[in-house]
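As written, the chain order gives the labels A, B, C and D, with residue 1 at the start of each chain.
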Amino acid sequence: MDTAVHLDGITKRFPGVVANDDVDLAVERGTVHALLGENGAGKTTLMNVLYGLYEPTSGQVFVDDAERRFDSPRDAIDAGIGMIHQHFMLVDPMTVTENITLGNEPKKWGGLAVDRAAAREAVVELSERYGFDVDPDARIEDVSVGEQQRVEILKALYRGADVLILDEPTAVLTPQEVEELFEVLEELTAQGKTIIFITHKLGEAMRAADEITVLRDGRNVGTVDAEGTTRENLAELMVGREVLLDVDRPPAETGDVVASVSDIVVEDDRGVRAVDEVSLEVREGEVFGIAGVDGNGQSELIEALTGLAAPEAGRIEFLNEDVTDASRRQRIESGMAYIPEDRQERGLVMDFDLVENGLLGSQHSPEFGPNGRIDWPATREHAESIIEEYDVRPPNPDSISESLSGGNQQKFIVGREFSRDPELVVAAHPTRGVDVGSIEFIHERLLELRKEGVAIVLISSKLEEVQGLSDRLAVMYEGEFIDVVDPAETTEEELGLLMAGERPDADAAQRSEQSVPQGDGADAATGGEHA
Amino acid sequence: SGGPTGGTDTATDAPETGDGDSGGDSSGEETTTAEPTDDGPAANIGMVYATGGLGDGSFNDQAQQGALQAEEELGISFNEAQPDEVSQFSTFQQQFAGSTDPNYDLVCCIGFLQADALSDSAESYPEQNFMLVDSAVDAPNVNNYVFAEHEGSYLAGLMASLLTTQEFSAGAGSTAGDSTNVGFVGGVESDLIQKFEAGFVAGVQAGSDDVDVSTNYTGSFNDPAAGKEAATAMYNSGADIVYHAAGNTGTGVFQAAQEQEKFAIGVDRDQSITKPSYSDVILGSMVKRVDTAVYTSIQSVVEGNFEGGNTSELGLDQEGVALVYGDQLGSEIPQDVADQVATAREDIIAGDIDVPSSPQ
Amino acid sequence: MNVPDRVRAVLKRLAGASATERILISTAALVLSILVGAVLVLIAGRMTTCTASEAVYYFGTGFCYDPVVVFDRLFLGALGDPLSGGWSPDGQFSVTLRETTLLLFTGLSVALAFRAGIFNIGTQGQMVVGALATALGVLWVSPLVSGVVGTVLLVPFGVLVGAVFGGLYGAIPGLLKAYADANEVITTIMLNFIATGVTLYLVSGAFKDPESAANQTVPLPEYAQFPTLFFGGRQDFSLVALAFGVVAVGGLYYLLEHTAFGYDVRTSGIQPDAAEYGGVDAARTIVASLTLSGALGGIAGAMYVMMILGTFQTGLPDYGFDGITVSILAGNNPLGVGIAALLFGVLKSGTTVVQFATDVPPQLVGVLRGLIILFVAMPEFFRLVGKRVTDTGSKVVATDGGRPDGDSDE
Amino acid sequence: MSEAPERSDAASEPESAPESGFFEQYSARALTAGVTVAAIVALLLGGWLFPDSIVGTFADVLTSENTLSAALRLSVPIAFAALGGIFSEKSGVINIGLEGLLIISAFTAIYVTDVTGGVWIGFGGGILASTLLALLFAVVTIEFRADQIIAGLAVWLIALGLAPFASQVIYGGPNTPTVPTPGAISVPVLAEIPFFGALFSASPSVYLLFLAVGLSWYVFERTTFGRWVRASGENPKALDTAGVSVARVRYAAVLLSGVLAGMGGSALSLDLGQFTGNGPTMVNGKGFIAIVAYLFGNYNPIGAFLSTMLFAGLDAMQTVLQLQGIGIPRQLIRITPFVVVIVVLALVGRTRIPEAAGEHYESGEE
């Protein structure tokens, strides 16, 4: 076996951060090599160095045993390296063929025109060779995420890549698509290609890789054979300590219905029905969880609930009032708190400091803004108390939100929303990008609120989280609740199947239609695409 | 090639000029290159032009002409200001009036828009002499010059009317005998320009009852492209002579005439001379002797007999306005037309023809 | 064109820069523009001819124009020559203040819209509409009152009328943007043309002063104009109007920084998604800020009519466009607008002094204005220069001391 | 207007060509185009039935060959600038300095023609001046990360000052003297065709415009450069990681916008033989209208050209309508083109702009 890629002592510094610290890595030709590590461990940075996007602060890159210096991706491409980024590098309004050939278009008439026929031909030929299923003439914006990923892979192959780097390729895929991807990877290695893929999912690494390298805090903390390792072993390497994430959840004591959604239809910005007649009810002291692969309508559903999107049809009630047409502000003022999915787009004004951000949503509340004025001293105190209570670091209310790390931004948002004395909390991925300590803290606070009788709608793509926290759990697939289950009595595998759109058997469907699984012997919540 | 030339203090270089048809013969908006004599210039004159600036080939350039003539013949020196906003009129008037180095003997205010500013300035600087063109301010230190543009325009209309009803060709243009309309292109709608229009229309009607006038205002005195489109549209709809009172917008009228092989009539100056490249389509020009007004008032200052408080109305009689035939085409104008025009002129002067000064 | 996004990005960058950095950059931009302008003057001075005695000599070469004189006239002239002894308040200095007053309002108008993430190019049109409305409104009620009482009543009334009509005209692009998604850059440009056309129509027709040859309304009675205190009024400047302007600066600052509405505006200006999340009604904020922006433009029009011209006449100066440059230089900060308006007031007023006192074409000042904006737009350039300067500085220290960092005894 | 929907497809073809974004705006555009066509048909029909009515006058004006040739003449500077704007903005650099590029080239073209005596040398000179100014803009926005909108505004202001300044220095006034103009070229036979003959009897700049529109379309649809420009404006990172330098593509696109706008500006002044530099100069907002045109044309060169023709056609019509004395005050007829743009914009609403337009891109930036 020969080494396809060898990184030797790579260090990459950013101002204030050492992203990679003297990392060595050797990848054998024709194998799949997984790169494992927590958020921010430096995986992407390392691969960007290999792909010529970053110049390493120090260290060497060897490809096929020859030292290389890549000044740009072009050099890396020429050396046979292809990279599929975490965020796809595709041009949405262009076709599959145009994207695959971008930068290397076949030409005719002495370079005066793109040879479109030849380009299409090449794409068809390539996808047949590797057994890919892509439509060469479709626009990127019209095809599924899985297909976009295959386009990315084809793009690399089209450029003659021998080494393929995939950055978290499975994050956006359904379990079935993940499986398909792994089959593609097998096919590729069988044809002699070398694969490096980044993940933080232990199972995937063990399932698909031949070798696994674990990065922690920018350092290589070990390369192991996938065959001869265990999950526990990898987890410890990754985190540097033992991990246990078990939520202690007392049984719910549910009360009156706080919010209910009936037969709601929401269209996304392309006019597609993202939420198709969904109904739900959530009661005081109850956590209603919604699980699903990203992009199945969860976002649109909660946007409609929280007043950020106008539903096409259906009805939303909050505290026994019809709020279907109520403005966002009315909903905030009547006690709806919302931890948004995208904290940097929605949750915080990135250029504002924490004092100003603490006011977001309460700017018209008499507490901070009597007669339309803003009481800055009171606002500052408010921000300070959030900072203190939620351990936001640095503990400086004057710091600009942008300068905070993701986890601290999230803690601040959570603190702000919880401090509203809400009747309902809608929490979307409340712990995404947050470190373990803070995750526990946020979970505790959620459960405390639940205990105080607050109704909670929780969305998360982390199964353990929704499963661990919810009293009832709906699985959303293609805009519908495919089922509503009792999380305590459902296995991870069952949930995985549901998330992939495998409908529950007839009995279960029956059950879900009539008496819906209940958190605590309370009554109906609706599960239903049937309506 | 530029920069200072000559080695001695007295060596005066002729200012570099643009082509003759840029109108101005000055190298800058301000010229102080009068032949210096030991005791300085005969008088210092301040010129405040109308917005639109020099190089319009008509109004402002004509005013500058008077100053240049005075510079040459009377040995005065003048300084120029080209305001581009109405609110700058008073600023410049007062700058000149308040200046002590040099002390300006006369400030010439060109254009009716200066009237309001001038009534204040004249009051603020009672010792300063002013002259105003195209409007009248009632103040003891201001001499006003207004023109009977409608009278001159009447003659232009008469000529156009007579020529368009006959087969006539000269230079680059020709008229079709069967055409029954002529055109008028104005700048911005205003009483003054409507005076031109009214006279022109009256003249056209005097020539023949059957001839119509199509009118277009471009909304600007400095938009040759619009002038060209307006005139082209007129020529295309059968007009074969277009008269303009639109400042530099008129350049576009001439160009349209040349392209369509028709005729145009200039305004303010003899434009067949100031815009020689169009002399083959310019039948004549309704000149307005702003230069004379400027020159005369400067002369009165130099000679020490500026009185102020007067308003001179300059019509055909005073040669304040006139229809001059084109430099190149003039000689080809049929004699009977020229005769009729000459007769009409006499009649107007004699008061036998009453030319309306606003559209009916 | 996603101007709003653009504006947001600008604001983001500007907000990132500290106030000191902004001031440094603005100053550097000004200085650099003057240097480039000086070079331009010299080049132009080589392209014309003049007598040897009139020429100035730099670097052994003769030039017809002297940049030193030009900038001396531009700045000192605009201030009424404070160094020459004979300074009087109603000289050129009051012209400067007069221009400043107008620019305050148009600058604030643009700045407010900018803060809301809207590029209001239509301040000019809003000013024109406000000006005509003021003239007609005041003329309409002026027979009812007179004298000092008339002034006390009519001036605020005129300002109010200007504000209302300017505001209504500003609301049009606001509504079009909020409810029809029409790009405000385009609609406001078009509305400028329309304002000019319609006012010309009205003032050359129905509302024309029959006494005047110009397209203007009947002049306002003296008592319906801004009173001239201290400054003699020869240059049509009123301290009262300037005071209005200063109050507007303070007021807008307060509005933006200390009110919930201001918070809404600023939030939707830099991050509309977050604003929406925070309960800000995007459409209403757009309409409200453009209306308010238009009102400020309308007030500028009212000032023009009631302070400068005493009547409405077609062909208003470009204060609205100048407001854009004022606002950009000020980083869209109301307090900054105060300073930037004064600077551009100096430039505008100095232009006439330059024209009067030198041979240099006054359009030079227009070029300077463009250069200032260009340099303000590229803070990166100055940061780079700044960094280079400080870098070499620290290197020198290192070689001198030869000591590792942190081990210093300073 | 029941015929609108049937006709909308045909009419919207040029604009909804491969570029058009999502369905929603496609339909809005189609609707507007349909309504326009329907209105025109109704007008023509009305004019044919009642030739003496006001409708008849409109119909006359509309079908006049002169209106078409006037519209073509008026289109030239706007359409060239719009093409330039498309290149620049599609590459991700919003160029609102088009107005400035037109101004500087309009002046330089006259100046160079005046000095050299060659109209075509002047034409080249104008293009060169505009391209240099575009280069300054490119350096400032691409190299120094200046904000594109503000830098574009600066380009406009600089040119707005510089051209009259130079004219003043050189000619003593903001307006230049008159120089010779290139004569019209008439294609034999074709020029005789009723109405459409106007297309074949026009100034060389009109033919150049046809050529530029066709070439621009070709570049976007068929060449690698065109694709790179699109990618650079939609997802620069995709282009970068494909090994093409985004900065280079953007430089090329901005310079090209300088060349095209330069052709427009030179044509504008040379067709009149004079540059007038008072107030907003002879360019007088044409650069801004160009922006409207390409936005409405959805960044498609042909769409932009047709939008320009719509605007210029209205402008041509207002000139002619003034002559007809139809009872509407002239001052109001003159503003119809602007009103129509607003109405159209309100109907069509938002244009899908290139995803990355306005954003600075730094290679290797995370």
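One rule holds for everything that comes next: a contact is a pair of C-beta atoms (placed from the backbone, for glycine too) under 8 Å apart; a residue touches a chain by one contact, two chains touch by 3 or more.
On a predicted model such as this, the values are computed, not experimentally measured, just so you know.
*Asks:* Chains touching chain A and chain D alike, please list them.
*Replies:* Intersection of chain A and chain D contact lists gives C.
*Asks:* Does A-C or B-D have the larger number of C-beta pairs in contact?
*Replies:* B-D
*Asks:* Round to the nearest whole Å and give the separation of the Cα centres of chain A and chain C.
*Replies:* Between these chains, centre-to-centre, one finds 47 Å.
*Asks:* Please report how many Å separate the Cα centroid of chain B from that of chain C, as a whole number.
*Replies:* A distance of 36 Å separates the two centres.
*Asks:* Distance from the CA centroid of chain A to that of chain B, rounded to the nearest Å?
*Replies:* Computed from C-alpha means, the inter-chain centre distance equals 75 Å.
*Asks:* Residue numbers in chain A touching 2 or more other chains?
*Replies:* Residue numbers touching two or more other chains: none in chain A.
*Asks:* Counting only residues that touch at least 2 other chains, which ones in chain D make the list?
*Replies:* 168-170, 174, 331, 334
*Asks:* What residues in chain C touch two or more of the other chains?
*Replies:* Residue numbers touching two or more other chains: 47-48, 197, 200, 204, 361.
*Asks:* Output every touching chain pair, sorted by label.
*Replies:* A-C, A-D, B-C, B-D, C-D
*Asks:* Chain C touches which residues of chain B in the complex?
*Replies:* By the definition above, chain B touches chain C via 2-16, 27-30, 33, 51, 79, 81-83, 85-88, 90-92, 94-96, 98-99, 112-113, 115-116, 120, 124, 134-135, 188-192, 219.
*Asks:* If you look only at chain D, which of its residues touch chain C in the complex?
*Replies:* Going through chain D, the ones touching chain C are 89, 94, 96, 140, 144-151, 153-162, 164-166, 168-170, 174, 277, 285, 288-289, 291-292, 295, 329, 331-332, 334-335, 338-339, 341-342, 345-347, 349-351, 353, 357-359.
*Asks:* Which residues of chain A touch chain C in the complex?
*Replies:* For this pair, the touching residues of chain A are 308, 327-329, 331-333, 338, 340, 342, 345-352, 356, 359-361, 363-364, 369, 372-374, 376.
*Asks:* Can you list the chain A residues touching chain D in their complex?
*Replies:* Result: residues 48, 51, 53-54, 72-74, 77, 83, 85, 89-94, 98-99, 102-105, 107, 111-114, 116, 155, 159, 270-271 of chain A touch chain D.
*Asks:* Which chain C residues qualify as touching chain A in the complex?
*Replies:* For this pair, the touching residues of chain C are 11-12, 15-16, 258-264, 267, 270-271, 273-281.
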